[in-house]
Amino acid sequence: MSGSFTTSAARNIFYGGTIFFFLMFLGLTYNTEQVLPKRDNRAALANPAVAAGKKLWEVNNCIGCHTLLGEGAYFAPELGNVYKRRGGEFIKAWIKAQPTGAPGRRQMPQFNLTDKQLDELVAFFKYVGEIDTAKWPPNIEG
Amino acid sequence: MQFKSQAVSKPYFIAAIGLFVAQILFGLIMGLQYVMGDFLFPHIPFNVARMVHTNALIVWLLMGFMGAAYYLVPEESETELFSPKLAIALFWIFLVAAALTVVGYLLVPYATLAKMTGNDIIPTMGREFLEQPLITKVGIVIVALAFLFNITMTVLKGRKTAINTVLLVGLWGLAIFFLFSFYNPDNVVRDKFYWWWVVHLWVEGVWELILGAILAFVLIKTTGVDREVIEKWLYVIISLALITGIIGTGHHYYWIGTPEYWQWWGSIFSALEPIPFFAMVIYAFNIVNRRRREHPNKAATLWALGTAVMAFLGAGVWGFLHTLAPVNFYTHGTQITAAHGHMAFYGAYAMIVLTMISYAMPKLRGMGEAASERAQLTEMWSFWLMTVSMVFITLFLTGAGVLQVWLQRYSEAPQAFMAVQEQIKIFYWMRETAGLVFFTGLVLYVISHFVGGPTGAKAKARA
Amino acid sequence: MTAVAVVDRTPAARLPSPPGDLAIWIFILAELLVFGLLFVAYAFARAGDVALFNHHQQGLDQAAGLINTLLLVTGSYFVARAVAAVRGGSGRVCALWLAAGFGTGVLFVAVKFGEYADKFAAGVSLSTNTFYMFYLGLTFFHLMHVLMGMVILAVVAQKAWRGGYSRVEHAGVETGAAYWHMVDLVWLILFPLLYVMR
């Protein structure tokens, strides 16, 4: 019987299609999880400073101004490659010196981090910088 | 208003509008901080203004979705809401939790808030859009589950229409995917991978079902076109949305450490994500053209058509512009992203909530099918002011983004981030101006609810 | 315009439309679009590294691909016979033809698994190189469509067996058949593209 277009057919396609693609997505997720160990630099996580650094990144809401691997806010520079761009010592000095107070310049708060915490944050940035991001960002400026 | 319990929608809609105003106020603050970097520093640093802006957005949209559900589900199911008292209780719980959270953001340094609210138990704070303390997140889950219980029980005891079903699937999906916000591994790549299961599978997934269901409901009510026609095309649209959007999640997996095959799969499927939005435009205009009645609520029809168009432009077209991996390599995490994000969120989700409010409010306020002619005129002015200024905001941010990409990403001699930001300031000034126009539109929108008297009786009396 | 759900049975008044439910045709178009884009992407990727693609293409089991092609085409023939049967009013015969089609699907899957087992044993995966990404990705995506097709045939066959379709009302059979034919058509392009063309 040609020429029909029923709600039930459309509904079945919706459910069938959704389940189909969700299963496929789960399959690709499974494969991704298998492949990740070769790309995600998880060996660095053996150093507890790295996870501690990630916690600091989160509880100080750094992503509220910065991007990390391109994700976050666009007010301040990309920090996924900041370790490579600036080095650990610069990063620590910079954080310690905020805010700059330069008139009109975008300001970063002072987070009152201890030396140990600064080292942890640097360890976190080093870890992120060594993840295989398919050659992103295009250059050192992020 | 066919069922007494639909009245519970009203507080949700009022709160939604209030939070929308708060959202834009903080947006204006941020826009100014882009060009006057130390504005309100250190009292309201940029990141604090931002989390208030984005969280207010999400909460007002959720309030709007809940209000929409409480309004349309009883009418679709042809039975009273399971528990109006529960709906009101949940409203206050949600509102108070949201208010306390915002107060927390503003009054206390974020790290202190984290400590105070038990972030060490399960660390869920500090990720974009998911800045809420653990207790707030748990509160959201409880409110969402109770809300879903209320709505689902209503549908179960009444008529199960396609609109009801699609809305329920969307809302349940929303709640289930939110659970991923509790999963925050130390592994940054896996953190990001699953973060997108909340964000993408929300806004490019189950939220599209909610959008479609609300749009279909308003179209049935305002045009009188056959339910059969509207419902089967709704299924087609949402099928297209999920068929493209689920694997389309891969367009967030290009550069975060995940395997490179996502560049292919994500590009191809996400390139097709505009299709359901395009279909929605054809759908909305076609159905309005074929209408069988002249509904007095012209404003609601305008919002409905506007939603389809702006969603297509913002989510579909602007999304497409930066979705292909070779393009995204240069534009990832720039003002291009912000341009798309603003028009997409406004066009799809802000506007569908405003569409529903436009349709339902006159009935909830006992004004009849529509507000007075003067009120509608004011509301339609506000529609144009907000919508056109949003287009300009998007255009200006796109300009900023193109220049940013050129100077910072594409160039042989790339410049540093801050140096580039200086050079694109003109675009930010223009954006802020457009933002002020947007805010004017929003103020006018609020005013439109007070024009012509609460029942429109004054206008009628004068006429 | 009247609601499209109403079916006009007068041949003269009927607008030309494809067999089965229109909804499946929208879905088929969408699927063909996706596969089409995937094929274009493949061509694009191949142009970027012809040597790599040619080299690894030689490692593919052409015989298996050929068998699979014959299986799917035969399956389509069986499904076409099923539609003819139900148009003639024989629900049970229709169900048997559909079951035969389902059977070709089972064999297709078995052959495919054999190919995959061979490749996985050799350490090939989606991330090995771009050629294998497309080979595994495309054939797996297609395989999932074959599985979906089998599910549809099974559901329709069951209904046909129980007398759920008649000479006049059998849109479901045509709908399912249309989907199966699409899956076959896609393979007819996929096989030469991946396995043969240099």
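Per-chain numbering from 1; labels A, B and C assigned in written order.
Following the convention adopted for this analysis, a residue touches a chain if its C-beta (ideal position, glycine included) is under 8 Å from a C-beta of that chain, and two chains touch if they have at least 3 such contacts.
A quick note: this is a predicted structure, and the numbers were derived from the prediction, not measured.
When each chain is reduced to the mean of its CA atoms, the one lying nearest the mean of all protein CA atoms is B.
The greatest centre-to-centre gap from subunit A, using C-alpha centroids, is found for C. Centre-to-centre separation between subunit B and subunit C, using Cα means, comes to 38 Å.
Rounded to a whole number, the gap between the C-alpha centres of subunit A and subunit B is 23 angstrom.
Listed for subunit B are residues 228, 232, 235-236, 239, 243, 259-260, 265, each touching two or more other chains. Shown for subunit A are the residues that touch two or more other chains, namely 5-7, 9-10, 13, 17, 24, 31, 35.
For subunit C, residues touching at least two other chains, in rising order: 4-5, 23, 27, 126-127. Against subunit C, in their complex, subunit A makes its touches with residues 1-7, 9-10, 13, 16-17, 20, 23-24, 27, 31, 34-35, 38. Of all residues in subunit C, only 4-5, 7-8, 14-15, 17-24, 27, 125-127, 140-141, 144, 148, 151-152, 168-171, 174-175 touch subunit A in the complex they form. Subunit A meets subunit B in the complex at residues 5-7, 9-11, 13-14, 17-18, 21-22, 24-25, 28-29, 31-33, 35-36, 39-42, 45, 50-51, 54-55, 57-65, 67-78, 99, 101, 103-109, 111, 127-128, 131-134, 136-142. On subunit C, the positions that touch subunit B within their shared complex are 1, 3-5, 23, 26-27, 30, 33-34, 37-38, 41, 45, 126-127, 133-134, 137.
Partner subunit C is touched in their complex by these residues of subunit B: 226, 228-229, 232, 235-236, 239-240, 243, 259-261, 264-265, 267-269, 271-272, 275, 290.
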